[in-house]
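Going in written order, the chains are labelled A, B, C, D and E, and every chain counts its residues from 1.
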């Protein structure tokens, strides 16, 4: 019938860009780095195939320590972003007046408007030994000499939380916004205390938003480059920096690709584990808003 | 003994007074309804009783004790919300057990109580169903069970049938009334649907613009409305505005705008000669033909067949459209559209009220 | 002459048959309703007529010409959608002009036509209002105007009152009927609310599970239902199941499950002695006291006061609950809960149908 | 026509570009800033396309060309070879000739050494002072191969001599790594670019640091206490060169640029911007006056004679060095 | 009363204090970065040497203001070019995807849907390197076997656009699909019923309805493209966008307050853009 032909044609027209995009820009390139990662360099311009790049990774504690460190700090950052962002999202979605809600939300998005670089730059100006905070503290006499607030892990975590907290707040606001206040009222009415209502009603309800926010934040953190580099101290080593080093400083695409694959697999694993533990699915959380 | 007493309750939102000096008592075990149009302050009143709003002034007493300083989660009143507010992330059993667990009852007891209350609302064994698997009527009953398992002194219901469809609503009306009998708990019921209020309640308060217009049994409200608002809001009525010609012995002679004069009972004592009034006559009090006190002429405009509650629309000579009740059961229709007819009713069935400004 | 004819229309979704061999004719200028419970296939039927679904088999003719091969945007039927589907990004005038502009009429004509149709639906001069500024009832009328300006052969309406609130719905029923008179267009109206169908229609088809159970005038359906489904769905009824004891001259003697025997008219010709049947008696046909053909004993359980359509609930000795209509107007209530009473009705008002499997 | 330069920060100052464009109105100059590693990485990724002229250091040509084939030979006759400092040209020739073809000409040279605030750290002499506990938390370095080599010299080794022997080189690297890990406590932070370094030193947050002499000379202009100290084991010297990427598209313009920046008046501007010394005859004399003073304050003839020019890195060693650096970065201190 | 809010005045006060502190935290680095754009000094650091607009407008050495700094302007130009192009592409592709997943039924839809979301959870660096590696593999392959040179497969504008497109499309798809999901399909049927052709329905009903979403998807895509660093870093050639130019400047040359000036300019610019998108959405809201 004519109508189904039209349907088929429009389906093909709609599917083609999608297929090209996913195949050429996502799947094949990933396979590409997978392929490169299996290539071993035996001499200038000569290669064989094998797992030696992976073996090299495993046998070098620096690498997997960095990966573990990155993962562990990313989880820490995720947890902190949740802790910092939840009250804010809750305030925006549930407490603020209708009018101020939009303004607040917009204000929360402000840092999103400028690049990572500018933000990190701002932190450097503020936190360095001769920076704003240090000068201020000296001026009011809280400390006698200059204090160095840069170049340590705490600063990196703080800076990362800063860059990602918005991605936590946005999905949280959108789920909490969908929550009917009468659920909270019912929670109290049936005798729940503040804590009970929060623990048994608000949090379970917000779970999809929490998981979505955590996934995005975790991936962004694990994949971030500038903030850990610029704020991190002499001990900081971020896995993306390793990848960059391999690709750029060491011209070693093979091991760079290996690291890329490992980062992807590892973060995917963490995300999968998170979804598993919370009983959510990718489509129901991240794609919800 | 009264389970719930409200005394001169007032609630202001800024300059706007949502509830204005409302007082009422609900006797133990009775079914009390508050009936009023949308936005008249019903929900606000109920939220004050539940503790979600603090009254601007006035007192609320439950079993004689003021609860003003009791926080909402400690008040012995439970509430069924308009959209039920069943917790979507818990199954039926958990929803019902929620209140018991908040109270800290032990696990074993809880299971038994949940099973028993589910039995009583006619849904035994549904503990493990998800809320989303229930039909509208079943959700309704779970929402009631969730409150009743806590054995509250008063159950508040805020338009609980609003979200249901027509046929189900009809059925749930009767069922709700039966549940109330069964639990022997005091129900405070809010609605804007007069048939719900009339059908189920022992007493109904008609609310308008933050105030109670009248409190009484359904029959009292229907047969003896005290204000024009009640006469118009409770049950169907034909309503004509006019001007008082004369007044004697509780009867008013009214010149209807557009032409014609009728006599009706004076509904309030502010009626004076020359004042403008509204006359209310119920369709089922009017019949076609002559023979009673009040007679007006008109033309049949159309026949609205609706089974037992069919109506005849008559365009009166003064231009007003009048609904006339039609006793169908035996009488096949005797009039047809376009026919000139007379309509009549007894003076006792007309009622005049001063027009509200 | 028929404006719309459907012949053995069938629509299957996979293995599921949503519309099953439906045939009907709608005479020119009449108001035809399809009444049926949710999910019975009403919308599917209408979508086939509008051309949004292709029938699995059967034919649709408009003014005698089959439209099966006409695409939806070329069919001379216009449709008012359940949620109206007014275009939110256009104002009222643009909404109404949309169809005219699609047709390619010239600008000057369009303005005139829009103004005229707005006049006819009683909203003159609202061209520049935004859709969101209209009330529910006004939106309703704009949706109709948008279709009527195109002078369709048939106007389809899919539960257009479903989204309105109670009081407004009552008013719009009457208004819709008047609009149809004014435009003299054929209306095909879908609803699950029997009072809408009865009140407005010249003819009603009762639909159930994809099939038409009966087509007839509202009075026919109400007074002479042809199937148990129609008897139960159109108007309120008491329904008892039982077993045929004897059958003669169109009258059936039925032993009601639980005890008691009654005589009723045989509703269909599949009734046979020993077969299981359902007996339907309308509440308003029943009265308290004795004196008529059929008498049963019971206890008053409760009085459901609802103004003109009040009911008495009687628990019969056989355990069934019976709704008894109460003529209130003059009669103050003479019974009280707990009282032993007899209920009675005329044999002619009872109707027995074979139980559907 | 566009001339796309892939070069170091400061090697294409705006005023020089403006002059060049005035002299050659048909050419517009486009600059991408980079460093040694990135230059090669970029050219590798592009297969030698995308740029018309690049400026890696002289020791980064041979291996990269062998492995990735990213450069193309240069025509020395088109370059005013006569004006170039003969020593430096010979040095570059020795390092960047493959199969008889020359791939690079020198442009600027400079050294890596140590900068110290002499008011606070008057006694700094060599690489080892970066790890001197006296300056705990007040030193800095750049975590790249220079510091490995410098530390090796500081430990009394000659890494260039060990280039031929991988095992020995690894052994030396291990020693250097241990030293630097132990030194980590002493270091405030590792700097990444000239800016980092300047800010750290000018603010006084750091008093002793590994440094490029060019940056050090600039700092001297700001603060006379910040003096460049060539380590007693010899400053490490590098020569930044000009090379043509394999798929460059504007060779003529590239040669024009090379010759343009060799002009004495341009050399002065260029050196002012880079802080480094041009690879032309009397390069030091062509420095701006303040820089010249700084150089004079930093180097005596003995130091100049003791310069250690980077040697070509054999394949494979760079990997070993990279690992060593990673190990240092990843090691924890408190 | 809002039951969701804390009831005791002390807690309410505390909560508000927390919100203020949070907003201060958000604003602090931006404020600091912006402030030093006006410092009359060569370094973006204390001490404060007085107010100046030189870092915006001066055309003389050593303080070249941003509006006279060729390379920064060039970077800005590249960023705008890339941003507009990639956002337009991503919005177009996102619209197709939205229609595909909201309107069509096809086998494996769920799997494809997950695939559509996946780019959002692949770290940007990996997207960058994978596209770089893949494009290089093709380019090298072509060069070695056929001697064909496809330079656009080498790092440069084209790859930057592809790289950003690869994840921006997910964002735009989600934004547009969310709006399309709210679209009442009966609006289209109504238009058809009133006699419109399918194309006309699309142009007069569906696309106007989607317009606010298309616009905000474009703005979001543009902002994200503008500030993207991780993916771009790996793919950039000689036409570097502004962030990369700034980064190069910062680590390789040294930062002067001109970078703060650019930051300030960007903050103001993107702030306006974001405000605009909010206004567009607002205006539309009551109508839906």
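A few comments on the model shown:
Operating definition for what follows: a residue touches a chain if its C-beta (ideal position, glycine included) is under 8 Å from a C-beta of that chain, and two chains touch if they have at least 3 such contacts.
Model, not experiment: these values are computed from the prediction.
Any chain that touches chain A and also touches chain D is listed here: E. No other two chains have as many C-beta pairs in contact as A-E.
One finds 55 Å separating the Cα centroids of chain C and chain E.
Annotation: 37 Å between the Cα-based centres of chain D and chain E. The set of chain C residues touching two or more other chains is empty. Under the contact definition stated at the top, the residues of chain E that touch 2 or more other chains are 3, 45, 250, 255. Contact with two or more other chains is made by residues 192, 199, 203 of chain D.
Within the complex formed with chain D, the residues of chain A that make contact are 44-45, 60, 62-63, 65-66, 128-130, 146, 148, 150-151, 229, 233-235, 237, 242, 245, 247-252. Per the touch definition, chain E reaches chain D in the complex via residues 43, 45, 61, 64, 69-71, 74, 132, 136, 139-140, 143, 149, 151, 154-156, 237-240, 248-255. Taken in their complex, chain D has these residues touching chain A: 37-38, 40-41, 44, 64, 66-68, 184, 187-190, 192, 199, 203-205, 315, 318-319, 322-323, 326-327, 329-333. Those residues of chain A that touch chain B in the complex are listed here as 180, 182-183, 185-193, 196, 200-201, 204-205, 207.
The residues of chain C lying in touch with chain B in their complex are 37-38, 165-166, 174, 177, 192-195, 198-199, 218-219, 222, 234-236, 282-285, 302, 304-309, 313, 325, 328-329, 333, 349.
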